[in-house]
Amino acid sequence: MLLGRVVGTLVASRKEETLEGLKLLVLRQVDVDDAETGGYVVAADAVGAGVGEVVLYATGSSARQTRLTKDRPCDAVIMAIVDTWEVGGEVRYRK
Amino acid sequence: MLLGRVVGTLVASRKEETLEGLKLLVLRQVDVDDAETGGYVVAADAVGAGVGEVVLYATGSSARQTRLTKDRPCDAVIMAIVDTWEVGGEVRYRK
Amino acid sequence: MLLGRVVGTLVASRKEETLEGLKLLVLRQVDVDDAETGGYVVAADAVGAGVGEVVLYATGSSARQTRLTKDRPCDAVIMAIVDTWEVGGEVRYRK
Amino acid sequence: MLLGRVVGTLVASRKEETLEGLKLLVLRQVDVDDAETGGYVVAADAVGAGVGEVVLYATGSSARQTRLTKDRPCDAVIMAIVDTWEVGGEVRYRK
Amino acid sequence: MLLGRVVGTLVASRKEETLEGLKLLVLRQVDVDDAETGGYVVAADAVGAGVGEVVLYATGSSARQTRLTKDRPCDAVIMAIVDTWEVGGEVRYRK
(Lines give C-alpha, C1' and ligand atoms only; values in the text may rest on other atoms or scores of the structure.)
Protein backbone atom coordinates (compact mmCIF):
# COMPACT_ATOMS: atom_id res chain seq x y z
CA MET A 1 0.00 0.00 0.00
CA LEU A 2 1.09 3.57 -0.52
CA LEU A 3 0.28 6.88 1.14
CA GLY A 4 -1.57 9.77 -0.49
CA ARG A 5 -3.05 13.09 0.53
CA VAL A 6 -6.62 13.72 -0.57
CA VAL A 7 -6.49 16.94 -2.61
CA GLY A 8 -9.71 16.98 -4.55
CA THR A 9 -12.73 15.34 -6.10
CA LEU A 10 -13.60 14.20 -9.60
CA VAL A 11 -16.98 14.11 -11.33
CA ALA A 12 -17.79 11.83 -14.27
CA SER A 13 -21.44 11.61 -15.21
CA ARG A 14 -20.91 9.26 -18.15
CA LYS A 15 -19.40 6.04 -16.90
CA GLU A 16 -19.64 2.29 -16.70
CA GLU A 17 -22.91 1.59 -14.90
CA THR A 18 -21.20 -0.50 -12.23
CA LEU A 19 -19.36 2.64 -11.12
CA GLU A 20 -22.55 4.42 -10.04
CA GLY A 21 -22.36 5.57 -6.46
CA LEU A 22 -18.60 5.38 -6.10
CA LYS A 23 -17.00 8.54 -4.75
CA LEU A 24 -13.81 9.32 -6.67
CA LEU A 25 -11.05 11.27 -4.96
CA VAL A 26 -7.82 12.74 -6.31
CA LEU A 27 -4.74 11.81 -4.25
CA ARG A 28 -1.23 13.22 -4.40
CA GLN A 29 1.24 10.52 -3.40
CA VAL A 30 3.41 11.24 -0.36
CA ASP A 31 6.52 9.46 0.87
CA VAL A 32 7.43 8.34 4.38
CA ASP A 33 8.46 11.92 5.27
CA ASP A 34 4.99 13.13 4.19
CA ALA A 35 6.56 14.92 1.21
CA GLU A 36 4.75 14.88 -2.12
CA THR A 37 6.44 12.69 -4.71
CA GLY A 38 4.89 14.19 -7.83
CA GLY A 39 2.66 11.21 -8.55
CA TYR A 40 -1.11 11.03 -8.22
CA VAL A 41 -3.91 8.54 -8.41
CA VAL A 42 -7.68 8.74 -8.64
CA ALA A 43 -9.11 6.32 -6.07
CA ALA A 44 -12.53 5.14 -4.97
CA ASP A 45 -13.24 6.04 -1.37
CA ALA A 46 -14.28 3.13 0.86
CA VAL A 47 -13.88 4.90 4.20
CA GLY A 48 -15.30 8.44 3.96
CA ALA A 49 -12.02 10.32 3.60
CA GLY A 50 -11.98 14.11 3.37
CA VAL A 51 -9.80 16.64 1.59
CA GLY A 52 -6.52 17.18 3.44
CA GLU A 53 -6.39 13.76 5.08
CA VAL A 54 -3.57 11.32 4.46
CA VAL A 55 -4.86 7.93 3.45
CA LEU A 56 -3.62 4.47 2.65
CA TYR A 57 -4.64 3.11 -0.72
CA ALA A 58 -4.38 -0.27 -2.40
CA THR A 59 -4.09 -0.87 -6.13
CA GLY A 60 -4.68 -3.66 -8.63
CA SER A 61 -7.03 -6.53 -7.91
CA SER A 62 -6.69 -5.79 -4.19
CA ALA A 63 -8.61 -2.57 -4.84
CA ARG A 64 -11.67 -4.72 -5.54
CA GLN A 65 -11.63 -6.43 -2.13
CA THR A 66 -13.89 -3.90 -0.41
CA ARG A 67 -17.67 -4.17 -0.27
CA LEU A 68 -17.92 -0.95 -2.29
CA THR A 69 -15.58 -1.90 -5.11
CA LYS A 70 -16.24 -5.62 -5.51
CA ASP A 71 -16.51 -6.64 -9.21
CA ARG A 72 -16.13 -3.07 -10.41
CA PRO A 73 -13.57 -1.74 -12.93
CA CYS A 74 -11.73 0.07 -10.15
CA ASP A 75 -7.97 -0.35 -9.64
CA ALA A 76 -7.33 1.97 -6.68
CA VAL A 77 -9.19 2.21 -3.38
CA ILE A 78 -8.74 4.20 -0.21
CA MET A 79 -9.13 1.65 2.55
CA ALA A 80 -7.80 3.50 5.59
CA ILE A 81 -7.43 7.02 6.95
CA VAL A 82 -4.03 7.36 8.58
CA ASP A 83 -3.78 8.61 12.17
CA THR A 84 -0.03 8.54 12.48
CA TRP A 85 3.13 6.78 11.41
CA GLU A 86 6.66 6.83 12.65
CA VAL A 87 10.02 6.08 11.12
CA GLY A 88 13.08 5.33 13.21
CA GLY A 89 11.10 5.94 16.40
CA GLU A 90 10.17 9.47 15.29
CA VAL A 91 6.65 10.55 14.38
CA ARG A 92 6.56 11.70 10.77
CA TYR A 93 2.87 12.42 10.50
CA ARG A 94 0.00 12.90 12.91
CA LYS A 95 -3.50 13.67 11.79
CA MET B 1 -7.24 4.99 -11.85
CA LEU B 2 -5.36 7.50 -13.95
CA LEU B 3 -6.38 10.29 -16.31
CA GLY B 4 -5.75 10.37 -20.06
CA ARG B 5 -6.71 12.46 -23.05
CA VAL B 6 -8.06 10.56 -26.03
CA VAL B 7 -5.78 11.51 -28.92
CA GLY B 8 -6.40 8.88 -31.56
CA THR B 9 -7.58 5.49 -32.70
CA LEU B 10 -5.83 2.24 -33.52
CA VAL B 11 -6.75 -0.40 -36.08
CA ALA B 12 -5.64 -4.03 -35.85
CA SER B 13 -7.34 -6.43 -38.23
CA ARG B 14 -5.36 -9.49 -37.14
CA LYS B 15 -6.00 -10.14 -33.49
CA GLU B 16 -7.13 -12.59 -30.85
CA GLU B 17 -10.72 -13.48 -31.76
CA THR B 18 -12.02 -12.44 -28.34
CA LEU B 19 -10.96 -8.88 -29.15
CA GLU B 20 -13.42 -8.54 -32.04
CA GLY B 21 -15.69 -5.54 -31.62
CA LEU B 22 -13.55 -3.72 -29.05
CA LYS B 23 -12.81 -0.11 -29.95
CA LEU B 24 -9.19 0.71 -29.18
CA LEU B 25 -8.24 4.29 -28.36
CA VAL B 26 -4.85 5.92 -27.89
CA LEU B 27 -4.57 7.97 -24.69
CA ARG B 28 -1.90 10.41 -23.60
CA GLN B 29 -1.63 10.40 -19.82
CA VAL B 30 -2.30 13.68 -18.04
CA ASP B 31 -1.61 14.70 -14.45
CA VAL B 32 -3.84 16.51 -11.97
CA ASP B 33 -3.03 19.83 -13.65
CA ASP B 34 -4.21 18.39 -16.98
CA ALA B 35 -0.63 18.49 -18.28
CA GLU B 36 0.65 15.62 -20.42
CA THR B 37 3.16 13.42 -18.63
CA GLY B 38 4.76 11.82 -21.68
CA GLY B 39 3.20 8.42 -21.09
CA TYR B 40 0.51 6.75 -23.16
CA VAL B 41 -1.71 3.73 -23.14
CA VAL B 42 -3.93 1.96 -25.65
CA ALA B 43 -7.26 1.28 -23.95
CA ALA B 44 -10.53 -0.42 -24.84
CA ASP B 45 -13.43 2.02 -24.78
CA ALA B 46 -16.37 0.97 -22.57
CA VAL B 47 -18.18 4.33 -22.55
CA GLY B 48 -18.14 5.84 -26.04
CA ALA B 49 -15.35 8.35 -25.53
CA GLY B 50 -14.33 10.72 -28.29
CA VAL B 51 -11.06 12.30 -29.39
CA GLY B 52 -10.19 15.29 -27.20
CA GLU B 53 -12.06 14.08 -24.11
CA VAL B 54 -10.31 13.41 -20.82
CA VAL B 55 -11.15 10.00 -19.47
CA LEU B 56 -10.52 7.82 -16.46
CA TYR B 57 -9.02 4.44 -17.18
CA ALA B 58 -8.34 1.34 -15.12
CA THR B 59 -5.55 -1.15 -15.70
CA GLY B 60 -4.71 -4.74 -14.82
CA SER B 61 -7.39 -7.27 -13.97
CA SER B 62 -9.73 -4.39 -13.09
CA ALA B 63 -9.80 -3.57 -16.80
CA ARG B 64 -11.72 -6.80 -17.36
CA GLN B 65 -14.57 -5.87 -15.00
CA THR B 66 -16.73 -4.20 -17.65
CA ARG B 67 -19.34 -6.03 -19.71
CA LEU B 68 -17.31 -5.26 -22.84
CA THR B 69 -13.94 -6.49 -21.63
CA LYS B 70 -14.88 -9.48 -19.48
CA ASP B 71 -12.57 -12.48 -20.07
CA ARG B 72 -10.67 -10.69 -22.82
CA PRO B 73 -6.88 -10.16 -23.02
CA CYS B 74 -7.32 -6.47 -22.32
CA ASP B 75 -5.37 -4.70 -19.56
CA ALA B 76 -6.63 -1.11 -19.90
CA VAL B 77 -10.18 0.16 -20.16
CA ILE B 78 -11.79 3.59 -20.31
CA MET B 79 -14.63 3.38 -17.81
CA ALA B 80 -15.59 7.05 -17.37
CA ILE B 81 -15.58 10.33 -19.27
CA VAL B 82 -14.50 13.08 -16.92
CA ASP B 83 -16.71 16.18 -16.53
CA THR B 84 -14.54 18.05 -14.08
CA TRP B 85 -12.10 17.71 -11.22
CA GLU B 86 -10.74 20.11 -8.70
CA VAL B 87 -7.60 20.27 -6.59
CA GLY B 88 -7.35 22.45 -3.51
CA GLY B 89 -10.81 23.84 -4.16
CA GLU B 90 -9.83 25.04 -7.63
CA VAL B 91 -11.19 23.58 -10.85
CA ARG B 92 -8.34 22.11 -12.89
CA TYR B 93 -10.37 20.73 -15.76
CA ARG B 94 -13.86 21.17 -17.06
CA LYS B 95 -15.13 19.40 -20.13
CA MET C 1 -2.10 -2.22 -23.68
CA LEU C 2 1.19 -0.96 -25.04
CA LEU C 3 2.88 -1.02 -28.43
CA GLY C 4 6.05 -2.93 -29.27
CA ARG C 5 8.08 -3.80 -32.37
CA VAL C 6 8.98 -7.46 -32.77
CA VAL C 7 12.77 -7.53 -32.99
CA GLY C 8 13.71 -11.10 -32.29
CA THR C 9 13.07 -14.55 -30.95
CA LEU C 10 14.07 -16.38 -27.78
CA VAL C 11 14.77 -20.06 -27.25
CA ALA C 12 14.53 -21.79 -23.88
CA SER C 13 14.63 -25.57 -23.93
CA ARG C 14 14.45 -26.02 -20.15
CA LYS C 15 11.21 -24.54 -18.89
CA GLU C 16 8.02 -25.07 -16.98
CA GLU C 17 6.19 -27.83 -18.82
CA THR C 18 3.06 -25.70 -19.27
CA LEU C 19 5.13 -23.37 -21.45
CA GLU C 20 5.73 -26.03 -24.13
CA GLY C 21 4.62 -24.86 -27.55
CA LEU C 22 4.52 -21.14 -26.74
CA LYS C 23 6.44 -18.97 -29.21
CA LEU C 24 8.39 -16.30 -27.33
CA LEU C 25 9.19 -13.04 -29.09
CA VAL C 26 11.40 -10.13 -28.05
CA LEU C 27 9.66 -6.74 -28.35
CA ARG C 28 11.13 -3.26 -28.13
CA GLN C 29 8.54 -0.89 -26.73
CA VAL C 30 7.52 2.03 -28.96
CA ASP C 31 5.56 5.18 -28.10
CA VAL C 32 2.69 6.83 -30.00
CA ASP C 33 5.18 8.35 -32.45
CA ASP C 34 6.55 4.87 -33.18
CA ALA C 35 9.82 5.81 -31.49
CA GLU C 36 11.60 3.23 -29.33
CA THR C 37 11.41 4.02 -25.63
CA GLY C 38 14.33 1.88 -24.46
CA GLY C 39 12.14 -0.71 -22.77
CA TYR C 40 11.57 -4.29 -23.88
CA VAL C 41 9.46 -7.27 -23.03
CA VAL C 42 9.47 -10.95 -23.91
CA ALA C 43 5.94 -11.91 -24.90
CA ALA C 44 4.10 -15.04 -25.94
CA ASP C 45 2.72 -14.76 -29.46
CA ALA C 46 -1.01 -15.48 -29.78
CA VAL C 47 -1.46 -14.11 -33.30
CA GLY C 48 1.46 -15.20 -35.50
CA ALA C 49 3.43 -11.96 -35.44
CA GLY C 50 6.64 -11.60 -37.44
CA VAL C 51 9.89 -9.72 -36.94
CA GLY C 52 9.49 -6.04 -37.85
CA GLU C 53 5.77 -5.84 -37.15
CA VAL C 54 4.34 -3.50 -34.54
CA VAL C 55 2.05 -5.31 -32.15
CA LEU C 56 -0.20 -4.64 -29.22
CA TYR C 57 0.54 -6.58 -26.09
CA ALA C 58 -1.22 -7.05 -22.76
CA THR C 59 0.45 -7.75 -19.44
CA GLY C 60 -0.44 -9.18 -16.05
CA SER C 61 -3.35 -11.54 -15.59
CA SER C 62 -4.86 -10.22 -18.82
CA ALA C 63 -2.01 -11.94 -20.64
CA ARG C 64 -3.55 -15.27 -19.65
CA GLN C 65 -6.90 -14.56 -21.31
CA THR C 66 -5.99 -16.05 -24.68
CA ARG C 67 -6.56 -19.69 -25.58
CA LEU C 68 -2.80 -20.14 -25.92
CA THR C 69 -1.77 -18.67 -22.58
CA LYS C 70 -4.61 -19.76 -20.31
CA ASP C 71 -3.34 -21.02 -16.91
CA ARG C 72 0.29 -20.63 -17.92
CA PRO C 73 2.99 -18.66 -16.06
CA CYS C 74 3.00 -16.02 -18.80
CA ASP C 75 2.63 -12.31 -18.00
CA ALA C 76 2.85 -10.76 -21.48
CA VAL C 77 1.03 -11.71 -24.66
CA ILE C 78 0.86 -10.29 -28.17
CA MET C 79 -2.85 -10.24 -28.94
CA ALA C 80 -3.01 -8.02 -32.05
CA ILE C 81 -0.87 -7.01 -35.02
CA VAL C 82 -1.29 -3.30 -35.61
CA ASP C 83 -2.32 -2.06 -39.07
CA THR C 84 -2.31 1.64 -38.31
CA TRP C 85 -2.91 4.27 -35.67
CA GLU C 86 -3.36 7.97 -35.77
CA VAL C 87 -2.85 10.77 -33.29
CA GLY C 88 -4.46 14.17 -33.74
CA GLY C 89 -5.92 13.11 -37.07
CA GLU C 90 -2.48 12.24 -38.44
CA VAL C 91 -1.31 8.74 -39.23
CA ARG C 92 1.71 7.87 -37.08
CA TYR C 93 2.19 4.31 -38.24
CA ARG C 94 1.00 2.19 -41.12
CA LYS C 95 2.04 -1.39 -41.60
CA MET D 1 9.60 -10.28 -4.49
CA LEU D 2 11.64 -7.33 -3.32
CA LEU D 3 13.65 -6.55 -0.20
CA GLY D 4 12.81 -3.89 2.35
CA ARG D 5 14.01 -2.78 5.77
CA VAL D 6 11.32 -2.34 8.41
CA VAL D 7 11.65 1.27 9.60
CA GLY D 8 8.40 2.01 11.34
CA THR D 9 4.75 1.40 12.08
CA LEU D 10 1.52 3.00 10.92
CA VAL D 11 -1.73 3.45 12.79
CA ALA D 12 -5.10 3.90 11.10
CA SER D 13 -8.14 3.64 13.31
CA ARG D 14 -10.69 4.33 10.60
CA LYS D 15 -10.42 1.68 7.94
CA GLU D 16 -12.19 -0.97 5.94
CA GLU D 17 -13.51 -3.43 8.48
CA THR D 18 -11.73 -6.38 6.83
CA LEU D 19 -8.43 -4.73 7.72
CA GLU D 20 -9.02 -5.05 11.48
CA GLY D 21 -6.17 -6.84 13.19
CA LEU D 22 -3.62 -6.41 10.40
CA LYS D 23 -0.30 -4.96 11.57
CA LEU D 24 0.94 -2.38 9.08
CA LEU D 25 4.66 -1.73 8.78
CA VAL D 26 6.59 0.91 6.86
CA LEU D 27 9.41 -0.50 4.72
CA ARG D 28 12.23 1.27 2.93
CA GLN D 29 13.19 -0.67 -0.16
CA VAL D 30 16.76 -1.95 -0.36
CA ASP D 31 18.70 -3.33 -3.31
CA VAL D 32 20.94 -6.40 -3.51
CA ASP D 33 23.78 -4.48 -1.85
CA ASP D 34 21.45 -3.67 1.06
CA ALA D 35 21.46 0.02 0.05
CA GLU D 36 18.24 2.01 0.27
CA THR D 37 16.74 2.84 -3.11
CA GLY D 38 14.53 5.73 -2.05
CA GLY D 39 11.29 3.81 -2.45
CA TYR D 40 8.97 2.65 0.30
CA VAL D 41 5.90 0.54 0.81
CA VAL D 42 3.41 0.01 3.61
CA ALA D 43 2.94 -3.74 4.03
CA ALA D 44 0.87 -6.05 6.18
CA ASP D 45 3.03 -8.22 8.41
CA ALA D 46 2.40 -11.97 8.13
CA VAL D 47 5.50 -13.15 9.97
CA GLY D 48 6.06 -10.98 13.04
CA ALA D 49 8.82 -8.76 11.66
CA GLY D 50 10.46 -6.11 13.83
CA VAL D 51 11.94 -2.70 13.19
CA GLY D 52 15.43 -2.96 11.69
CA GLU D 53 14.93 -6.36 10.08
CA VAL D 54 15.24 -6.89 6.34
CA VAL D 55 12.24 -8.67 4.93
CA LEU D 56 10.95 -10.06 1.69
CA TYR D 57 7.60 -8.74 0.55
CA ALA D 58 5.19 -9.66 -2.21
CA THR D 59 2.82 -7.30 -3.98
CA GLY D 60 -0.36 -7.43 -6.02
CA SER D 61 -2.76 -10.34 -5.79
CA SER D 62 0.07 -12.49 -4.41
CA ALA D 63 -0.09 -10.34 -1.28
CA ARG D 64 -3.48 -11.90 -0.54
CA GLN D 65 -2.17 -15.47 -0.50
CA THR D 66 -1.38 -15.56 3.20
CA ARG D 67 -3.87 -16.67 5.86
CA LEU D 68 -3.78 -13.17 7.33
CA THR D 69 -4.43 -11.23 4.14
CA LYS D 70 -6.83 -13.50 2.28
CA ASP D 71 -9.72 -11.55 0.68
CA ARG D 72 -8.56 -8.27 2.17
CA PRO D 73 -7.82 -5.02 0.28
CA CYS D 74 -4.11 -5.44 0.89
CA ASP D 75 -1.57 -5.26 -1.96
CA ALA D 76 1.72 -5.76 -0.08
CA VAL D 77 2.65 -8.39 2.48
CA ILE D 78 5.80 -9.30 4.37
CA MET D 79 6.04 -13.05 4.00
CA ALA D 80 9.61 -13.75 5.11
CA ILE D 81 12.29 -12.35 7.40
CA VAL D 82 15.63 -12.57 5.64
CA ASP D 83 18.56 -14.30 7.36
CA THR D 84 21.14 -13.75 4.67
CA TRP D 85 21.70 -13.44 0.94
CA GLU D 86 24.77 -13.55 -1.22
CA VAL D 87 25.65 -12.19 -4.63
CA GLY D 88 28.57 -13.56 -6.63
CA GLY D 89 29.53 -15.89 -3.78
CA GLU D 90 29.85 -12.98 -1.35
CA VAL D 91 27.53 -12.36 1.58
CA ARG D 92 25.78 -8.99 1.17
CA TYR D 93 23.58 -9.16 4.22
CA ARG D 94 23.44 -11.21 7.38
CA LYS D 95 20.87 -10.68 10.08
CA MET E 1 8.30 -11.65 -19.13
CA LEU E 2 11.69 -10.14 -18.47
CA LEU E 3 15.26 -11.44 -18.49
CA GLY E 4 17.50 -11.74 -15.45
CA ARG E 5 20.86 -13.23 -14.56
CA VAL E 6 20.96 -15.45 -11.49
CA VAL E 7 23.55 -13.87 -9.19
CA GLY E 8 22.86 -15.35 -5.80
CA THR E 9 20.69 -17.07 -3.26
CA LEU E 10 18.64 -15.91 -0.31
CA VAL E 11 17.89 -17.68 2.97
CA ALA E 12 14.87 -16.88 5.14
CA SER E 13 14.17 -19.33 7.92
CA ARG E 14 11.17 -17.47 9.35
CA LYS E 15 8.50 -17.22 6.70
CA GLU E 16 4.92 -17.88 5.75
CA GLU E 17 4.48 -21.63 6.06
CA THR E 18 3.26 -21.96 2.48
CA LEU E 19 6.69 -20.83 1.33
CA GLU E 20 8.45 -23.87 2.77
CA GLY E 21 10.51 -25.67 0.16
CA LEU E 22 10.66 -22.81 -2.34
CA LYS E 23 14.18 -21.99 -3.53
CA LEU E 24 14.65 -18.21 -3.69
CA LEU E 25 17.17 -16.77 -6.12
CA VAL E 26 18.46 -13.23 -6.56
CA LEU E 27 18.31 -12.00 -10.17
CA ARG E 28 19.86 -8.91 -11.73
CA GLN E 29 17.69 -7.74 -14.60
CA VAL E 30 19.30 -7.63 -18.04
CA ASP E 31 18.09 -5.97 -21.24
CA VAL E 32 18.00 -7.36 -24.79
CA ASP E 33 21.73 -6.69 -25.17
CA ASP E 34 22.38 -8.78 -22.04
CA ALA E 35 23.47 -5.64 -20.16
CA GLU E 36 22.45 -5.20 -16.54
CA THR E 37 19.81 -2.53 -16.03
CA GLY E 38 20.36 -1.89 -12.33
CA GLY E 39 17.15 -3.56 -11.25
CA TYR E 40 16.79 -6.81 -9.37
CA VAL E 41 14.15 -9.24 -8.21
CA VAL E 42 14.01 -12.16 -5.81
CA ALA E 43 12.24 -15.01 -7.58
CA ALA E 44 11.15 -18.53 -6.77
CA ASP E 45 12.88 -21.09 -8.94
CA ALA E 46 10.58 -23.47 -10.81
CA VAL E 47 13.15 -24.91 -13.20
CA GLY E 48 16.40 -25.60 -11.33
CA ALA E 49 18.35 -22.54 -12.47
CA GLY E 50 21.96 -22.02 -11.41
CA VAL E 51 24.09 -19.00 -10.62
CA GLY E 52 25.31 -17.34 -13.82
CA GLU E 53 22.44 -18.49 -16.02
CA VAL E 54 20.12 -16.06 -17.76
CA VAL E 55 16.50 -16.85 -17.08
CA LEU E 56 13.04 -15.69 -18.00
CA TYR E 57 10.80 -14.74 -15.12
CA ALA E 58 7.14 -13.85 -14.80
CA THR E 59 5.62 -11.55 -12.21
CA GLY E 60 2.27 -10.85 -10.62
CA SER E 61 -0.48 -13.45 -10.53
CA SER E 62 1.20 -15.23 -13.45
CA ALA E 63 3.99 -16.13 -11.04
CA ARG E 64 1.53 -18.43 -9.25
CA GLN E 65 0.76 -20.50 -12.34
CA THR E 66 3.49 -23.08 -11.79
CA ARG E 67 3.00 -26.27 -9.79
CA LEU E 68 5.56 -25.02 -7.27
CA THR E 69 4.10 -21.58 -6.65
CA LYS E 70 0.35 -22.24 -6.86
CA ASP E 71 -1.58 -20.44 -4.08
CA ARG E 72 1.58 -19.13 -2.48
CA PRO E 73 2.40 -15.47 -1.67
CA CYS E 74 4.98 -15.38 -4.46
CA ASP E 75 4.97 -12.65 -7.11
CA ALA E 76 8.00 -13.62 -9.23
CA VAL E 77 8.94 -16.99 -10.66
CA ILE E 78 11.71 -18.27 -12.91
CA MET E 79 9.90 -20.39 -15.47
CA ALA E 80 12.57 -20.88 -18.15
CA ILE E 81 16.34 -21.04 -18.53
CA VAL E 82 17.31 -19.17 -21.67
CA ASP E 83 19.45 -20.91 -24.31
CA THR E 84 19.73 -18.03 -26.73
CA TRP E 85 17.96 -14.99 -28.15
CA GLU E 86 18.56 -12.84 -31.15
CA VAL E 87 17.69 -9.28 -32.06
CA GLY E 88 17.69 -8.08 -35.66
CA GLY E 89 18.97 -11.47 -36.85
CA GLU E 90 22.00 -11.26 -34.59
CA VAL E 91 22.59 -13.50 -31.57
CA ARG E 92 22.79 -11.38 -28.41
CA TYR E 93 23.14 -14.18 -25.90
CA ARG E 94 24.02 -17.83 -26.02
CA LYS E 95 24.26 -20.00 -22.95
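In order of appearance the chains are A, B, C, D and E, and numbering begins at 1 in each one.
In this text, a contact is a pair of C-beta atoms (placed from the backbone, for glycine too) under 8 Å apart; a residue touches a chain by one contact, two chains touch by 3 or more.
Given the structure is predicted, the values throughout are model-derived calculations rather than measurements.
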item	value
Third chains touching both subunit D and subunit C	E
Shared interface partners, meaning chains that touch subunit C and subunit E	none
Required steps from subunit A to subunit D (each step between touching chains, minimum)	1
Distance from the mean Cα position of subunit E to that of subunit A, given in whole angstrom	32
For subunit B paired with subunit C, centre-to-centre distance based on mean C-alpha positions, whole Å	20
Junction residues of subunit C, two or more chains touched	60-61, 63-64
Ring of chains, enumerated from subunit C in the sense that reaches subunit E first	C, E, D, A, B
Contact footprint of subunit B on subunit C as seen in their complex	1-3, 31-32, 46-48, 56, 58-66, 69, 77, 79-89, 92
Subunit C residues within the subunit E interface of the complex	7-16, 18-19, 24, 26, 28, 40-43, 51, 60-61, 63-64, 71-76
